[in-house]
């Protein structure tokens, strides 16, 4: 019987969603009950799963063709278990927090419906045992984030942000789907279970796959032996590279990597709990989670791995730079999220998926904390988000301040908070791949400390700069309790053995699938590189920020290019969106004037014209008729008799 | 001698025919037509169709043309021929005429003359046998031809009732012709019957009228 | 005397002529009202129909009346066809059209004579009979077209028909003269023997004669370039007569054409050199002119006139298909040749149904609408759904939309054309069938979409309702259950002169 | 000079053509009708010529019918023209162009 | 007798009852459609899905003329047609249900709807080319009248264009059919699909014949389905059509062509298909890219939906062109999915247009506030069309993608040097989902989200509490009556069932697809 319990992970939030959709959206209190209840059920089941009390359920066949099976099944390995706990745990806390945060919104029933469908999709991603199922829930996550970002749909900006998020995700999923399909071509399976992949890998490859490669590549790419990370796979193994990049493309969209990072800051148009849940702790982490899920496959392409590492690294510093000059409290956090995700992706690309997962967990704690605390601040100030309109809050909303500060320290990587350990572990993984990644990472850490300190100093210290900031009020208990819990997790997150939990498992998987596959060795770079340099730079960042911003009423730095996010939005608007619009208008012109106008209407007019001309023969004159009659007859006779 | 009469009759006929077409006066045209018919009757005589020559003069020249003349006089058409002849239609008709004559000329030039020359049968005996076999209507020997005149032969063909062996008899068309004449009679009555309706409106006001059964105005076709 | 059996074959024509003459006398002396005359005429047609149905036929050529007539499947079919046409015309003339003035009995009696002429045409075996019968038809049509002699339009139509009809007769007679002169006879069966038994070549003189004859026939079936009377006369003539012209005269011309093309001059030399190129050109011209020039028309009768030219084109395709294949080989008579014949006949049946459906509606409407332009039909569907439905179905059937009988007709034309490899013609058939939609859909638009100017419902009497419903049922029924039409034309073929006397031909499997 | 069949045929053709010209070029309906009659007579001449040279009397029978039919046709045609004249006071074809296009 | 006959007789009986019996039109039509839906479900339930092949066969000689191809009244259904029969049933019911009860000339209106449904039903159940063709064709006349009488804006032009264009297509198609039948030796000629298939399997036609005939059919079917250069009838037509007619046409009738490709063109003319494959692929890429971009440029809701439905034909063609089990099954499932979503979109866009009196994006906005239920329904429809998982379209699309990636390149593709063409066009198809997202989301945003246009802002300040009457779009307020939204819910429900449980459909479809000639696994 217990094999069915696992389905509650999916059924509970789905049931809540359906109930809210059908009726409960009119009764917010019941909706909240259903939604929070389902989240609790999920968390409880997740705990049971993590403890091993609930086994994997029997998968059922969803699509079955010869050569292509998609089952709906669950995989409960350490990776999934850990992620499941985080998703459901943080999710539950955010549900609870939302009760307070959304208390005054009349359509909160709908909001909780959105949260529930998000929970459904997100747990689905985590437990998926194959990529199609993962893709299904992946899309579901995109859809629910669309709903939640666009929650205040009356605002033009919110509606646009929702669209942007969905379209960016779709664009990425375009690549992701190609990746999945290529994977299927190569492996003959879409399962992510290590044993199945390994089996498919050995028997792999439809015979004609090579036909899209050049002949030379076909020879080298018949995969007689199993390659590993360290250079066995030639970089010209185009199809494998396509596969890896395709899979990574999914991550680029979901985790908002450069160049599809633009949707995430805009997504802050949603209510703050949504930002916390989706755009900090869980959904954006799904990309990283997915990469870790398919990590053994990623290693088939060295090029792919390098691209992953490079994009991650670039996003990390790029977003951190932008964050330095943002003024909206949520946007700062959003860019910091981008930056941290860049870290994680870089770690995956550098061969440290365990480090990435470790950082993912700790980041979930403190970023959720930061967002929720920021929400609390916003709530306290009646929807004020500009940090330059805050100030002097530290003693007026002390609990929020303390939790926010803990989050900030954790994010900055100050020991002994969670972020310190995970980030150091991650940096050492990067160092193992290439010192350049390491150094960029360290600089990013400096920047992180800098902008977070800037945020805290400007928002919480100094004189209150607006009327609202003079009389804030502390949030209700239902909001602060999650804050406290998350603060505790952010503090101790580095000590509870998450890292070794994942590390061991990854080693197992790698060995199971690819005998000589390797992940980066843990903490081999030495204490100096791992702890001292980052620590020093973090302190330097904090110090410089305090020095620059303490007591200032305006921003002493004014770097326009950073404040304008490197003009990426404008660039995309002009180039891609504008180009697409122009192409669309051009083709529409062709369609309506050439195809429909000239050809279709033209032929109709020609028909009418011919009719008009032919009727002119019918002049009504009897002589004319007689003439035509005789002429026709004579011509017919002449040509019939004498023409040949 | 033969040639002389031929040219005389045919020349006269063609001149008269041209006069019919070219003359502006309808009465003169009709008279010319009568003369043309008379010349044609001459040609008929030359072709030893004596009966038809007589019929031609009696019926066509005597009855039909008189009818024409009668109508021309009745309708008083003299005023109508002062409109100049349309040059365009003259040109057109000339084109037609030349075209048709060209075709006839080429046809006649390329065709052996007559059925006898056309047929693959050559000797008189063969022809006779073939005619008998082909159940041609008037399959009689040359001597019989010499003995009977054309009136006899026509009458025989028209009215004979012995049609065994599929022999031809033209009694059917003859009967139908009577039907046809009956129809023509009805037609003339129907078309020219005077009824009690008032005289037609003056010419300018006449528009397209609805059928007489239920008089009402219909719109003019544009 | 004639053998009795021959008399029986002639019975339909004889009975109907005698009946017509008797009616003339009765009308004159008893002063019967036109309604009564029409009923009596219909009774006569019913009687003739009954007798004709009872006449059988076999494959061997049955000549009678001095070799003037031939009785075969086609003659029987066309006799029946013309009788039905006549019945509808007479009924229309009396019932659906304006009530006839007293003493207007000729209007219902003359069609009987016309029908007699048409029936004689159907079984003609001699140019002499053909000419006389044709003239009987033509002269009675002169009278019928111009019957409304108070109407200038009718008179104009009558005069145009008269002059052009006379012209075509002159061409025909000239052509017959050449054929007679160069083959030695006017009888079809003997001419056939002249070529088939003695293997004589086709000389230009005979071809010339044949082409002149074709001019006369082309006039009857309104084939381009001899079509020019059709739109004008259709527009000017009374509705029932327009329908008569459009169906009866066309069918009469077609049966002559089939007798000459398929029954007499059916050897490769004639068909390859003469018929196929000539009829192909004419068919294409008819298809294009008829269907394209109809598009801008606003007057419904005129539009139907042009469309009838187009239909001539479609039927000619079937005739060509029946002729011989383009390779010049003689096709065995009862295979491909027969398809073309029955296709023509099926086309005629569907054309009869659609044309009469359309013209009965027009006849009914003529008295109730200010005119017969398309825009006068506005909102007809609300004033009288039945009239609108009938007219729609008629047009849609002519357009060739399934499942109406017109579709079956076009479908078999396409089938035959493809079968015989007439790809060029096929292309034009399809092309013009598409163009035809433009004008067939226009009146439907007016009837169904536009709002009526005059809301009063149009009431029809019971007989009209019944006939319209019957036509609707037949239009749909013969289309959907196509076998019924093929059953009707089963064996309705020209006599096969090669075949020994044998059992009746059956093409339709049951 | 021997008068052959072709001579007669040619003369008949010329007569036919003159009739045709009359039909196309004249405007008076009566003259047009006369021209039509002339075309028929040309055909008659052809028939008689063929009949003579083929030694078949059938052609003459045909001519007999043609003459009869033509007479009937003429009577109907003239009646029609008279009816037209009564209504419209014209026998000119150019006045008969109400029905066109 | 076959139960399939009942599917044809019920609409016919309803039409007769409405015309002759003067039964109330809407209930009668609704009952007939409902019965048909129930019957179609029963047929699916009863169908021996595991072995596939034709069931419920009835075969009756119809026209038999010695020497000419015979026509038979041959009905039958298999796993490929049953989903479409079901689709016809459900969309007809929905189309009748969403039609306004007080529409003018209602009896005619419902008769024409039933006639369209009857045509589709007949085409999908016929196993004879002749009936297959004529059933489809007379539905076109009903379409003509529906657009012409009850259409909106540009109805005159649109109805003429649609009818003449589609009639052109069907005539080309008919020529193809005739050519196919006539290409056989005389003794074997028949219009019976099964007999034809049996013969052709043993005696394939020569290559060039196949090429020409296939080209005819491709153009004919292409016009009927709106394949790329032949699509321009669809957007104006659908934009002007009454919603119910657009639902029926876009939802059902258009599928006729794809069904014909699967049933007739490709199995019987496989060499021709192989030759034309590069052309088909190029054209369907046109459907994706060209129609996709054109859709983005549309400024009105109905036209946009019209173009989007053209674009989605690309998936169907791609699935069919793969000609492997996955792809064809996917295409069949996607036909159902697209039928449901297109019906939804057209119905809802009609609803929006009717209620608000507007269909231009620029004039609309923020309607979700006024009509939340409509917004939810429309979102479902959009999501279905975008291929969001959980709805039927996704299941079909993903199968088409997998089908295209696993399709073995044909000799023609190899000769052209593009053996990877299927993969390439599969990628284009996947990109299609991105384009769909772009325009569907834009539509959703422009109609339902964002602020209302300024001129519609309620003037509550001036009117006080009783300002209800001055609310913009007075018709927009939801009544949340089931009658009003029930049809849409029904369609969404069907789509969800298939989307969540595609294996139901696969079990039904796949065995029959496997039986198709030349099909690859």
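So that you can tell them apart, the chains are marked A, B, C, D and E in the order they are listed, and the count of residues begins at 1 in each.
One rule holds for everything that comes next: a residue touches a chain if its C-beta (ideal position, glycine included) is under 8 Å from a C-beta of that chain, and two chains touch if they have at least 3 such contacts.
Computed from a prediction, not measured in an experiment: that's the story for all the values here.
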Original post:
Which chains lie in contact with each of chain D and chain E?
Top reply: A, C
Original post:
From the centre of chain B, which chain's CA centre is farthest?
Top reply: A
Subject >> Contact pairs, highest-scoring chain pair >> reply: B-D
**OP:** Compute per-chain Cα centres, compare each with the mean of all protein Cα atoms, and return the closest chain.
**Re:** E
Subject >> Computed distance of Cα centres, chain B from chain A, in Å >> reply: 99
Subject >> Distance from chain E to chain C - Cα centre to Cα centre, in angstrom >> reply: 43
Original post:
In whole angstrom, what separates the CA-based centres of chain A and chain D?
Top reply: 96
Original post:
Taking each chain's centre as the mean of its CA atoms, how far is chain B from chain E in angstrom?
Top reply: 67
Original post:
Do you know which chain E residues sit against two or more other chains?
Top reply: 164
Original post:
What residues in chain B touch two or more of the other chains?
Top reply: 86, 89, 92-93, 96, 100, 103-104, 106-108, 114-115, 136-137, 168, 170, 173, 177, 180, 183-184, 187, 191, 206, 208, 221
**OP:** For chain D, jot down the residues that touch at least 2 other chains.
**Re:** 5, 16, 19-20, 23-25, 27, 32-33, 44, 49-51, 53-54, 56, 58, 61, 65, 69, 72-73, 76, 80-81, 83, 87-88, 93, 96, 98-100
Original post:
Touching pairs of chains, which are they?
Top reply: A-B, A-C, A-D, A-E, B-C, B-D, C-D, C-E
Original post:
Which of the residues in chain D end up touching chain A in this complex?
Top reply: 20, 23-25, 27, 32, 93-94, 96-101
Subject >> Residue ranges of chain D touching chain B (in the complex, touch as defined) >> reply: 1-11, 13-28, 30-31, 33-35, 37-38, 41, 44-45, 48-58, 60-61, 63-65, 67-76, 78-83, 85-92, 98-100
**OP:** Spell out the residues on chain C that touch chain B in their complex, using ranges where they run on.
**Re:** 1-2, 17, 21, 24, 63, 65-69, 97-101, 104, 106, 109-110, 113, 116-117, 120, 126, 128-129, 131-133, 135-136, 139-140, 142-143, 146-154, 181-185, 187, 189-190, 193-194, 198-200, 203-206, 208, 238, 299, 367, 370-371, 373
Original post:
What residues of chain B sit close enough to touch chain C in their complex?
Top reply: 103-104, 106-108, 110-112, 114-115, 118-121, 130-131, 134-137, 160-161, 163, 166-173, 176-177, 179-180, 182-184, 186-187, 189-191, 197, 206-215, 218-219, 221
Subject >> Residue numbers on chain A that touch chain D, as the complex places them >> reply: 615-616, 618-623, 626-627, 630
